[in-house]
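What follows is a pair of complexes built around chain A, which joins chain B in one and chain C in the other.
Let's look at the complex of A and B:
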């Protein structure tokens, strides 16, 4: 209980004192219990005043202070700082907002504004009286980071984290790094070779001793919190004998007679059971699909010397200070029959088509037919106003146009039709659209409610579409190949990832950041960051931008070594707690765990994770949970303070003072103002009327009326019949 | 009466759904007629908005650009809109994608000219400059052959020239121009299934001749008065020259009036065409920037006709034509090439198609 409290009430240079009688309030709280000093000050935030407050704290031996001024958003830290400098705990300070909550909103009723301010200040005094000296929570941070997913975003972020001297664990589910980008031959807009980019990044990763790359690895368990995450991973074996002759391994890679569906090439061809995604895939060790290979005993025998059956799944654990999730996306797979997918021949998705064009050499051939014309249907699986994926996938327009330009260049004489809803080749990507259109690609606009219909007539695909650029004329297009320009969807594994790291998932099923503009890579879980397409559709540049910004955030976190967290968190009274588990259930951050305390089961709050949201306090049946700085005692005493009757002798006085001051002010008014007020009287008049009756130039009347209006002496009241001039009347009569 | 009203509305609501086949090859075809950049169009409609002749009733050029990009040949063939454009070039100046809609409209007029022509020769001559040259040479050789047959006797050749002119006009009109106009009528009025009462064919006739001789509508283009006036003077001059030489037999006439009239109108023709040639060389306006062989040929041959006719009559008056037979032969070659190639298969036909387009438009107006 604080008994030597200082109260400072700010004029804010008139912002508050024009309507709230701060001088009277200053006098009034002198008499308040526990208040030693009570003053009104012109600007509480001014340097001189801050010094005065610090001296007061020392001279009067104050143990808590209250400043009634503006919003705490503006100056909470200023005055906490003042308290610290005066030798107080910063949490023994309470700010009362009498500007945004009293003087500004109630400028029409100064007396009530003053009464309200008095109530709020008293509540503040009561609260500060029960305030506790709390210290920020200091945590040590482990100087290592986990990056989940070795696509372009994850690899680039890992390199940046390692370059700044952090230990990095890069975990990739696949046996080879690179993610989605290597499934395209070249990348827009510059036409760089995707595989070269990935090989370069891999080489760079290898050059850092502080990056540990795990391929074929998945996250098994995550515990701990900000600064000290305990990560368990599982590494699947490749079954290649690391001591085997490399030439034999290459031979097996090229000649393996047991075939299996090629996932990397999206089912367009088969691959051997001893495989790499593509010849230069990194790390340069093939993987073995053992189940399939074992179905052929001859093959097993043939490759016995390069296959190591003793390899087992490996479990590993390590501790990291921060986590970056860059798990990427899945391509949308159309439903069977959606635009003829799987129901008509010669209908592929854009990723499949990109694989096809890369695998084809000098002729573009699919299922024994040479492809001469391609119709691209856009927005497949994106922008579904009635479906699940309501978002735009951002990269597919450019991707489709880029592919169409590439195949035009590679195979010549290819006709491209683009059936689109809107072309969104934003930024520099617009140049590709212009190029394609200049090359004679035909663009046809359809609307979602009237989508194109793909039919196979036995010879070729015929697409019927209503062209919104030709007055909805029904058009028929013959195309050898229909390419569905599919968008991005959240990875199917993202639910498991989300469960492990507690990252919230949005309605679009991608991971959610805290704030799309101001905290774009942070999640509500402290220390867990997201980058790239796991957060939502992005192109490669945008993905890398976001993952690098997350890497910078993590680096700042790790570099600090310790972090200081606001002490506003849930506090358990272990004597009262009987562990029912209700608090654990409602906690969105999994900050509450059951522990054994001297043989008693009680709740424990992880101070690093708790955000002080307060959701656990009301569900506790025995009232064992308090939120620091918002304890029941503090809040109840605030309410008590606020509802206590304001003994304001000034009640009558203020009105008198006001009236007095008004007549006093009146004396100071210019003669013209007095004339105007007298002339208007109880009626209302327009500027020309006043100008005529006062025989005064209308400009002068106008100028003075404007000023009087600004000072609230007169006010506009409707317009004249011609709606040419406002009527003015005298205010507050 | 209520049920009748209802029935009528249901009938009008019945819309015949027309399937149009997209033809990507059309782009390449139309490019042979001069259009080049129209594929760049992204359908903003600035061209239509900026065009001073386009209105709600008849909106262009965006629609034609769209049809061309999609290769909807039958829509273009049945459209009169290309003829409604008088090429002020504003659309091309304002186009944000530099898709040059003005030149596309010009190319569509060339393409339509070829389309209307039943012989198919127009198409060959428009697309291949080499074949145009070959035909020109054949006609020139023909004229020299005739002169040879007449033993290079001046009077006989002049006599032949005079009759050739008459028969050529009648022949070309009967065998080429008339059938082609009938084809145009078929493509734009009959084939789209529009029924026009016979009375309207008569009542709309006045517009046909008004526009044929005045090109009145071109005045609707912004800042086009000077160009329209020059064109008007040329048309009247050319027609008067034609009348003077064919029906008043200028070269043989003794009448002072006829002789002077001939001098004046031939001078008008070559002076105005010279101005046109100069402007095409300077390329200061949108319309003169993109000259095709057919455009050059048209103005150049008109100029040569005016100059040579003037010179021939001058030589007659100076009595030195006898010793300068080559001049008349040259004139006759120009005349023959004009009458046998440029008039039936070249740019000359726009004189007819433009005015007939307005006439057909008038016929269809009631149907809209």
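Let's look at the complex of A and C:
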């Protein structure tokens, strides 16, 4: 129990004190049990105040501190550092949010806002009184990383991780690297050849001795935790004799007479049982579909000297400090009959159509028909208000328009109809939409509730659609080919990957980051990051951006060799625990296991794995589990603090005169105010001038000038020549 | 119940990463809601103990609102399921203490759900005014 607590209540300029009687609260908490110091301060985060807090901790021998100011999202770490610098454990500090959750939302009722602030601060004092001095969990971190998936995102991330000296293991399920991008011939916006990009990246990967690439490999088992993940992988054999004559291998690759379905070309053609995805696919070693090849004893005999039947599945293990998952996406496969897919001829998905156009040279021919008109139906498998995929797949509008432009250029005289719900060619991609419109592509808007109907009349596909931009006029369009613009779905292997790494999956079945804006590549599993489309639909640029950002995070993690993590984890009271296994069952991260403790079966928490989510705590029938920093005592004492009656004189509102006199009471101005005063000197300056001369963002200058103006430190003095900005001059002091 | 000055006290359990930023944003945008709303932020709504909820009612809170992460929970895809179970268990405890189960509510509040949060607080305040002061609902509930 802490009994020498320091309480600091911040005016935040006037953001808090305009509505909350901060001075009265400062006086009131002087009398509170356990409180030794209670002060109202102009800016709690100012350097001068931080120094004063540190002095107070030492001079008054404080054992805990409370700062009532802004949201902990802004300054929790600032004041934890203050506590540390003063010699306290950072966990003996509590931040009370009296700005975002009190003075601002209750600015309409200053009296009630002050009463609420008192309750919030009292709860903070009670909580800190029960706070424990917890040490951060220190872990050693192996200077190596695993990247799962060698698409463009994974390859770029692996290179970045290797560049900073880490050992990198790049694991790809397929026998060849590149992922989805090599299935598209050229890429927007640069028009580059996708295969050349992948070849370039592969060459770069090979130039790093600290990258080990495994193809045909899958993750079998993951154990350990942040800093020391133990990874087991399984590598499937290629069955090509590595000592065989290369010319013979190339000959077999080109002439193999045993054919199988070509997965890379999405079933549009057959390929040999000895194969590469495409001629330049990397690594430059073909793979053998042995099961199929063995169906032909002649072929087996013919290629006996290049095939090595002794190759077996290989199991490999290694340890890594951090993991980046870039497993990408699957394309949505329409159901049979969905817009005529598989039920009418000449209906393909966009990825299939892209393969067809790459495989067709002078003429665009499919099933013996030359294609002269194409109808694209958008949002197939995306934005389903009643289906599973409610999200927009982001990249398909651009991809469809880009394909439409490409085939127009490649084959000439192609008519394109775009049946869309909304065109989402955001950013630079809008240029494509404009170009396509200028080239005469026809855009017809439909609504989800009345989707187009595709029928085959024996000669051609007829698409019936209501044009919502022409008073729902019913149109019938004849098109040689219908292309279903399909979106992205989560990889079918995502569930297995999620089970192995314990990455949470969202309702859209993609991997979940911690926070879409503030922690966009981190998962709740410490040390496991996600990048690219495995977390949701993205275009190539966005995928690479996210994977590189994750690589930077991993670099930072691996750099020091050790990591210190917050001690917010589940804590078991072994005296109370009677081991029923409910906590183990409910934990998604396998952080809890049963152990023998002096002859008693109890639960043990793996400190490195536990995420501190607290799911295990309410399921314990004997209440043996608490989450550090969220103990029963802390939470229940906060509730008591909120509800305790407040005995205080609350002024109705603060007056302007009082506000002006605030400046005189300030012990010291914030540094930026001093800089502004010095910069203005005897002259007068505008906000842009101050912003430039002080190299400070204009909004920060504006905000501070407004507060300084309110306190009568500066005043406006006419406008500049363009009458765009006010001049400000120093008023007094 | 007929007291015109009755301002129901609401305890909100929010989550550090998702709903608390949403509640902060309501403040940032100066959206007004009842000043008798107090927030405790936790890592995840699945970690709320029913005994805390009962403690809040016994100490005099008129309502408990769980600002959950819903589908956005970064810890568990089963977060809603867990939180629902906690509410059901809490309601059992509440019934045993003669507290109306209507005094507990849950909604998913995302990190930008400023207006939905303020609206939920307004609506819940009205509901609780209808239910009346908890200290009058049942004498047994008063400070135990």
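Note that in this section the second predicted complex is superposed on the first by the 460 of 733 C-alpha atoms of A that agree within 3 Å, B and C clash if a C-alpha of one lies under 4 Å from a C-alpha of the other, contacts with A are read in each partner's own complex, and residues count from 1 in each chain.
The rule we apply is simple: a contact is a pair of C-beta atoms (placed from the backbone, for glycine too) under 8 Å apart; a residue touches a chain by one contact, two chains touch by 3 or more.
As the structure is a prediction and not an experimental result, all values here were calculated from the model.
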{"item": "Partner chain in contact with A:513 - chain B first, chain C second, else both or neither", "value": "second"}
{"item": "First (chain B), second (chain C), both or neither touched by A:568", "value": "second"}
{"item": "Which of chain B and chain C A:373 touches, first, second, both or neither", "value": "first"}
{"item": "Partner chain(s) touched by A:464 [first = chain B, second = chain C, both, neither]", "value": "first"}
{"item": "Which superposed partner A:3 touches (first chain B, second chain C, both, neither)", "value": "neither"}
{"item": "Contact breadth on chain A, by residue count: chain C or chain B", "value": "C"}
{"item": "First, second, both or neither for A:586, with chain B first and chain C second", "value": "second"}
{"item": "Touching partner for A:627 - first (chain B), second (chain C), both, neither", "value": "second"}
{"item": "Overlap of chain C and chain B interfaces on chain A (superposed complexes)", "value": "none"}
{"item": "Complex contact set, residues of chain B against chain A", "value": "17-22, 24, 27-28, 37, 39-43, 63, 66-67, 69-70, 72, 97"}
{"item": "Of chain A, residues touching chain B in the complex", "value": "373, 415, 417, 434, 437-445, 464, 467, 469-470, 473-478"}
{"item": "Chain C partner contacts - residues on chain A that touch it in the complex", "value": "71-73, 97, 99-109, 112-113, 115-116, 119-120, 123, 504-507, 512-519, 523-524, 568, 586, 588, 611-615, 617-618, 623, 627, 630, 632, 635-636, 638-640, 642-643"}
{"item": "Complex contact set, residues of chain C against chain A", "value": "9, 11, 17-18, 20-21, 23-28, 30-33, 35-36, 38-44, 46-52, 55-56, 59-61, 71-78, 82, 86, 89, 111, 118"}
